[in-house]
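Letters are used for the chains, namely A, B, C and D, taken in the order the chains are written, and counting of residues starts over at 1 for each.
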Amino acid sequence: MKVLVTGFEPFNGETINPSFEAIKMLPDEVEGAKIIKAKLPTVFRKSLCELEELISKENPDIVICVGQAAGRSKISIERVAINIDDAEINDNEGNKPKDEKIFVDGENAYFSNLPIKLMVKTIKEHNIPAEISNSAGTYVCNHVFYGLMYLIDKKFKNLKGGFIHVPFSHNQVLEKKNVPSMSLEDITNGLFYAIKGVLSEK
Amino acid sequence: MKVLVTGFEPFNGETINPSFEAIKMLPDEVEGAKIIKAKLPTVFRKSLCELEELISKENPDIVICVGQAAGRSKISIERVAINIDDAEINDNEGNKPKDEKIFVDGENAYFSNLPIKLMVKTIKEHNIPAEISNSAGTYVCNHVFYGLMYLIDKKFKNLKGGFIHVPFSHNQVLEKKNVPSMSLEDITNGLFYAIKGVLSEK
Amino acid sequence: MKVLVTGFEPFNGETINPSFEAIKMLPDEVEGAKIIKAKLPTVFRKSLCELEELISKENPDIVICVGQAAGRSKISIERVAINIDDAEINDNEGNKPKDEKIFVDGENAYFSNLPIKLMVKTIKEHNIPAEISNSAGTYVCNHVFYGLMYLIDKKFKNLKGGFIHVPFSHNQVLEKKNVPSMSLEDITNGLFYAIKGVLSEK
Amino acid sequence: MKVLVTGFEPFNGETINPSFEAIKMLPDEVEGAKIIKAKLPTVFRKSLCELEELISKENPDIVICVGQAAGRSKISIERVAINIDDAEINDNEGNKPKDEKIFVDGENAYFSNLPIKLMVKTIKEHNIPAEISNSAGTYVCNHVFYGLMYLIDKKFKNLKGGFIHVPFSHNQVLEKKNVPSMSLEDITNGLFYAIKGVLSEK
């Protein structure tokens, strides 16, 4: 069993991205499954090309992409990705698509095929706040989540995939007012138990 | 050097109070100073009687009272206590004072005489979100903070004292929506570095 | 030209639903288009049956369903409805579906076919806060929005339809803490300019 | 009977200040009392000099100062002003005092001597959200509130005075995310009923 876990580069003026900082701290093996870690660029299209290459190369059983969700206070297991790019800020290469379909031959939306409720339950059993989220936004996170599920639908039919949003890490909010955050340890543990939840289903 | 640190009993339907859970985890000595830990009842007047007894018995150099602040996301070092009790919910013995002075011969307000900015700085240097707060409310937390500073003003002139509000701990918000929280480890570390900040001034 | 606008019954302990209070205050004609107003039950399935009957009977050109979104501070024009019922509270007849598809032969999601960006722009030009929302939740609001778009997809091909979430009205939050609200006048005006935005496209 | 009501200049990059926009819309007479309206500079010290001149010139019975509170969703009747200036941003003339007493011979804090609970009640009876606030911050608003109460304590002993914070007006948040606001009409009505509440006590 092999699990590919991806994080993102920092964006929007941040110097770190807690999604990648946290996945780096995950063990290389969980319950006998090998954990492969990778960083994706915070760039429309390019992120998806790299994700597809990684899947082709690593041939994982499960893919979990992780991104930063400014302002949320809990680990969010995303339920659904929608077929739209609608950016309010530039990505890391200056792209800012508005109201564009991600794949013209894709479904309007794809649901995660991971056991999202079980993931939330497993994380919460270890005293880390977690919840289901019904929107991954319309920026690069949703783009990658949608692209992953599109790839599963069209090409990698046996693959399981989903997306997790994590809060800012503490060091990102030290100078911000009233913005929730979580320690990198908690975020890492949240992701660890999310993976355990996924593996316990199989 | 001796530091008295107090937490509170749970109240308002909660089964734990993170202020007391966290102080229990503090070491018994910080930078050579002895740390004395105590739990105060979440009850108007009675809390202050017990605090005064503790101060008389232990003769500390520094008193730091700690309480729970529902909905805050950072460790809050309180700046000022005001001479008013104005409860919106019952305390743990059914008292609910409205617009009453705490001590008729007390000042309108007392400022903490701890180095509050240095405490915030020391906590943040260790990547735990912290801030100055300008209101400890008008419930039992402000009551105890005000009473402490009144006791310092009237009776224990050499004592240093102040108040810290901590967020909900993670386990308190697992079934709550959109309420920030912090792990007990982070809260405990926040309090530890707050104490270090106080001691570094002396 | 005929526009059907629906609001909902109160639910979850509220005594009013601002969606219906506001649509009652809309004029009977906007820019020459006739405005038909109706109240839907806050009940899974039954709400959709009544909506379908209304459409069959009134034969409108445009349908705009409106619902209450607790905690939001702006008029939200919804972008997308997803094929899932997942209730956290009972509806008004005690139903609480968990993770059920709304229509097994429906798309995973449907996008509103109203000019959502133009609606936001028109509302904001009249100084009322408005925004695009990417999730109508998984309760009765999303259920009705999804059902409406399903009906358009399968049966009423020339119909235009969409969903608007409105904040609590002021009178609903007088005894609540830290919950944003809007006056019924502002909500009504927001809906009026949303309709104007839709009509200006045609 | 004469009531002096003051608002502030815009600050911190805003082009309007809802406190002054709203008081301009107040009637010139409420319940037989004359309403005098004035704008104060958002500048430490200078604001207080102008306030003292206004009081000397107009000889009001009641002074209500009004300011903008970014992020609040209700009209806030302030309870208490504290003897400290501690600015996080420059005022409109570049001053940024840190941890300075406002008046060295003043009390640590002054309580409003207006009937604050009655003001909240009267505003809410007209369906406008209102609440008591226990902190006016440590910027120019608290400075003016403290200075007013100091002047009452030291010089204008028969004067009644207090402070009201108002939310952003709708037009200030059109391009901001997740920031509550209120229409200028609602803010003006809130202030009107606050004044009515004060006058009904006499």
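A few points about this structure:
The rule is short, and it goes like this: a residue touches a chain if its C-beta (ideal position, glycine included) is under 8 Å from a C-beta of that chain, and two chains touch if they have at least 3 such contacts.
Which protein is which chain? UniProt says A, B, C, D = Pyrrolidone-carboxylate peptidase.
Here the structure is a predicted model, which means the values were calculated and not measured.
Comparing mean CA positions across the assembly, the chain most remote from chain C is B.
Each chain gets one centre point, the mean of its Cα atoms, and the points for chain C and chain D are 38 Å apart. Averaged C-alpha coordinates give centres for chain A and chain C that are 30 Å from one another.
Rounded to whole angstrom units, the spacing between the C-alpha centres of chain B and chain C is 46. Shown for chain B are the residues in touch with two or more other chains, namely 178. Contact topology of the protein chains: cyclic, one closed ring where each chain has exactly two touching partners.
Remark: chain B residues 73-74, 124, 127-129, 131, 170-171, 173-174, 177-181, 183, 185-186 touch chain A in the complex.
Residues 79-80, 82, 84, 86, 99, 107-111, 117, 132, 134-135, 137-138 of chain A are the ones that touch chain C when the two sit in their complex.
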